[in-house]
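What follows are several structures.
Two complexes come next, and they have one chain in common, chain A, joined by chain B in the first and chain C in the second.
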Partner chain A sequence: MTLLQLAWKNISGNGLRSWVVALCALLVAAFALFATLLLRGAATSLELAADRLGADIVVVPEGAQADIEGALLMGAPAHFWMPEETVRALGAIPGVEAVSPQVYLSTLLNASCCSVSEMFMIAYDPATDFTVRPWLQKRLPEGLGLGEVIGGDYIFATEGEDGILVYSALLKLKGNLEPTGTGLDQSVFLTLETAREVARISEEYAEEPLIIPPDQVSAVLLRSGPGVSTEELAVEIYRSVPGVYPIQSDNLFSSSRTQLRSLLNTVVVVMALIWPLAIVLIGMVYLMAANERRRELGVMRALGATRRYVSRSLLAEASLLAFCGASTGVFLAVLAIYLFRRLIVSSLGVPFLLPSPGSLILQVGIGLLLAMGSVFLAALLPAVRISRQDPAVAMRE
Partner chain B sequence: MVKVVGVLMVVLALVLAIVPGFTDCESQGKVLTTAQGKAVSMKCHWTGRAEIAAAIPLGLAGVFAVAGRRRETKRFAAVVGAASGILAILFATTLIGTCASASMYCNVAMKPVILAAGILAIAVSAVLFVLAREEPSTAA
Partner chain C sequence: MIRLENVSKSYRLGKGNDVHAVSDVSLEIGAGESVALVGRSGSGKTTLLNLAAGLTRPTAGRVTFDGVELWKLSDAEQSHLRNQRIGFVFQFPSLLPTLTVLENVFFPTTLGANGHGVDAMGRAKELLGRVGLADKLAAYPRQLSAGQQQRVVIARSLINRPEVLMADEPTSNLDERTETEIMELFHDLHISLGLAFLLVTHTRQLVSPGMRTVEMAAGRIVSGAAG
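== the complex of A and B ==
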């Protein structure tokens, strides 16, 4: 009988003990992996969203900071306006290299004139744009024309092969962007010219007209010149242009970053409680098991098994149980995060992006090792102790 | 161990039968309105109904796994359980499906629950099939 066969026999021989150990390994592996995947997925998503925005500073009307975060992160429709003159005022500030206005719109809720309810729409100015064009260039080198839109990862054509109905205007969906895990995945991008054309059509045909106030914009995206401190530039904007609030790209999504930090702290605290508790519980279970099996292990020693063999058989049993429990835990964690990611995103209010296969394999490996290492550590002391006992004394007891 | 697996199958069957009824778009007050103004259920609602047809054999397989004494009975229960799991997944993905938009509630809540329950039903049935070899055979 090999060591593993012996370990398997012992596992099947004591169901309750085996269940407790496997369950502890399952909990440690599942919780550690789930939390890691969730937090890393949220952090990656935030970075990607900030990168896609591509501006050093986003200027919004004062009081609209939370609205823009909600719109860009969760795709919640936002409507805020500031005078178009702001664009010129911002462009005149020393240190500003480029400025480009954007207009934020949304489709109607449950209206037959819109294919998708409350879809966030970002209208940009192709003449000055420096944020949308770079990532459009990969897919659409010619840019977007009149009546054309490009959608986030979740946007699909509803009318024919590539049509999407917006305020009764049939727009052509030219393609989809890479997923970011944020509200940008549920948004469409269009030129200001297309937005105005949609507004014109909506006045006659839509259930409610799309209103774009004349000479108003929602936000201004700004790029600073080389060597210019964005922090100092933001202070200068706040000081010299009244009624606006400059958000540095590093500070964008600050509420989500704060939420993520508090989530991380909670996970660390829970892990700090679960991990030692699991090790202590498994250690106690093995200590009891070792005491129960003194006579059996004494017989093994008397039949010629070495101390090393006895301790190795106990550790093999623990490792096998840990592997079964941890594998199940890892499987459940990956299944839960993969299937329920959208529910988690909407419940926690943080964006989330699935990790790449390489990163997932690495994290799964770490989760497995953590759980198996914990069980091995817990079973080590009882295994060494029982292997050191005198066989004659053990058999008499 | 076999009994635990059987109970798990019954629990998964209950999840498949009950949860879709509370997580489809209709349960959230969303229905299609035709040009004539008539409210029509969306296809996720019918997927939810069809899941009951997959849940019944899965639940029965669980009962047989708990109450059955012979290896053949348990193996048959395992095959039925796995087939029900596959059927549950197919109803939600290929045979009927759910609403087209990924952000609809049925895609956020109902479909993941069905897929998770279906995958777990298949995994649990496979475990039952393996464990059944330790049970006495009819021929024995």
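== the complex of A and C ==
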């Protein structure tokens, strides 16, 4: 009989105690992994979204800062406008290397002319664009033509193999982009020319026309020149161009980042409470169990078990229980994240991207190790203490 | 074989409250010898057995096993000696509750350096047959009567072919009939296996003819110390 077999028999024979310890390990592992997956998923998502935007500064009409974050992060349709001449004014500011306008649109809610309700649409100008083209080139080296769109990860064709109906205009879905976990996954990208064509068709056929105010844009994406401080450039834009608000890409999604930071702080506080409590609880359970089994362990010592064997058998029991509890906890955490990620995203108001398999395995491993380490740590003191007891004293009532 | 020289054992129950369980005792138990430690409750019999077996460290004096001083051995060496050379039968139920009868009997073989093998399993079955429990191999201790449990303990005590069998009030929880059966079993084993036998009892009637009787009172040997 091996040490593990003996440990397993003791676990099976002491149901309540085993459940308590396994449950503690389950809670520690599940909470740690769930929180880690959520926070890392949100942080990765924000980084990817900012990367995909690809601009140093995004200029929006003053007061539209929250709207653009909502649109880019959560896919909430946003409508805000500023004069097209702003593009030229921004391009004239010293230190600005490139500017490109974007127009933000959305499909109608529950309208038969739109196959996807309230879908966020980003129209860009291919002539000046420097943000969409780089990642579009990976998928579509030839770029988007008239009547073509490329969708986020969640966008799929609804008409035939590659068609998508937008304001009664049948657009061709040319492909999908890598997931970001943000609203960009529920958005489509199209050229300004295609957007104007959709607007033209909609006037005649759609339930409501798509309105693109003439000589208006929603946002201007801006790239600074080499060695130019984006912070100073943002200040200059704010000072010299009235009615606009420059958002540095580092500050983009600041409300989500703040939300994430407060979430992280909450998780740290909860973890700081749960973890030591779990260790103390498991330690107490083991101390009680070791006392309850004092005579049994004394008999084992009398029969020839060394001190090391006794402590190892108790630690093997703890490790096995921790492994079973933590594995279940890890499984439940991953399952919860997969099943309820949409609910979590909408209730917490932060974007979320599922981790890659490699990253998931790493995080699962860390969760398991944390829980098993906690149980091992908690059981160590009682195990060592009981193993050092005189066998005759241990066997005495 | 086992020699206790001027051995004392005190327990500290509180500040300045020392209990002298055994005081300056010397005793020798030869190979194959059968010794009964008798005396009233609290006379120090169990403590003396524990000292002889290396289950507790003496406060003073020396305990040797075949000339080797027990408390100069490492924990692993002491454990090995107990495992290989001494068999124990305690007065309380001492079977491991989560193991079956068969597993309990061969458990001590798993503690040895070489682990257990088919041989140990076969011997465990043979010993259980010898104590009349061949049909209880898969039973758990809670499913057995007190007498049956004590028979399993006896089988377990013999699994590693020890040189000495130490029994501490082995029949105290048993009825009269079972008590007689167990004592007859001990007697048979002592005779047939040639084991040294150290029996702790407060019942003089359990002492078989031919056993050396050592009487204790207040932690001291009052008669029978010399072999």
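Throughout what follows, the second predicted complex is superposed on the first by the 397 of 397 C-alpha atoms of A that agree within 3 Å, B and C clash if a C-alpha of one lies under 4 Å from a C-alpha of the other, contacts with A are read in each partner's own complex, and residues count from 1 in each chain.
Basically, a residue touches a chain if its C-beta (ideal position, glycine included) is under 8 Å from a C-beta of that chain, and two chains touch if they have at least 3 such contacts.
Being a predicted model, the structure only gives us computed values, none of them experimental.
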Does the chain A-based superposition show chain B and chain C clashing or fitting?
fit
Contacts of A:Glu208 with chain B and chain C, given as first, second, both or neither
neither
Check whether A:Gly15 is in contact with chain B, with chain C, with both or with neither, and answer first, second, both or neither.
first
Have a look at where A:Gln186 lands relative to chain B and chain C in the superposition and call it first, second, both or neither.
first
Contacts for A:Leu339 in the overlay, against chain B (first) and chain C (second): which applies, first, second, both or neither?
first
Which partner reaches more residues of chain A, chain B or chain C?
C
Once the shared chain is lined up, is A:Asp250 touching chain B (first), chain C (second), both, or neither of them?
neither
Please work out whether A:Glu97 is in contact with chain B alone, chain C alone, both, or neither, and reply first, second, both or neither.
neither
Looking at the overlay, does A:Glu296 come into contact with chain B only (first), chain C only (second), both, or neither?
second
Superposition-derived minimum Cα distance between chain C and chain B (Å)
12
Which parts of chain A are touched by chain B and by chain C alike?
none
Considering only the defined contacts, which chain C positions touch chain A in the complex?
47, 50, 53, 55-57, 75-76, 79-80, 82-84, 88, 90, 92, 94, 96-99, 103, 106-108, 110-112, 116, 156, 160
Please name which positions on chain B make contact with chain A in the complex.
1, 30, 33, 100-103, 107-109, 111-112, 115-116, 119, 123
Interfacial residue positions of chain A with respect to chain C in the complex
1-2, 6, 9-10, 12-14, 295-296, 299-309, 390-393, 395, 397
In the complex of these two chains, what residues of chain A are touching chain B?
15, 75, 110, 112, 116, 154, 156, 158, 186, 331, 335-336, 339-340, 342-343, 346
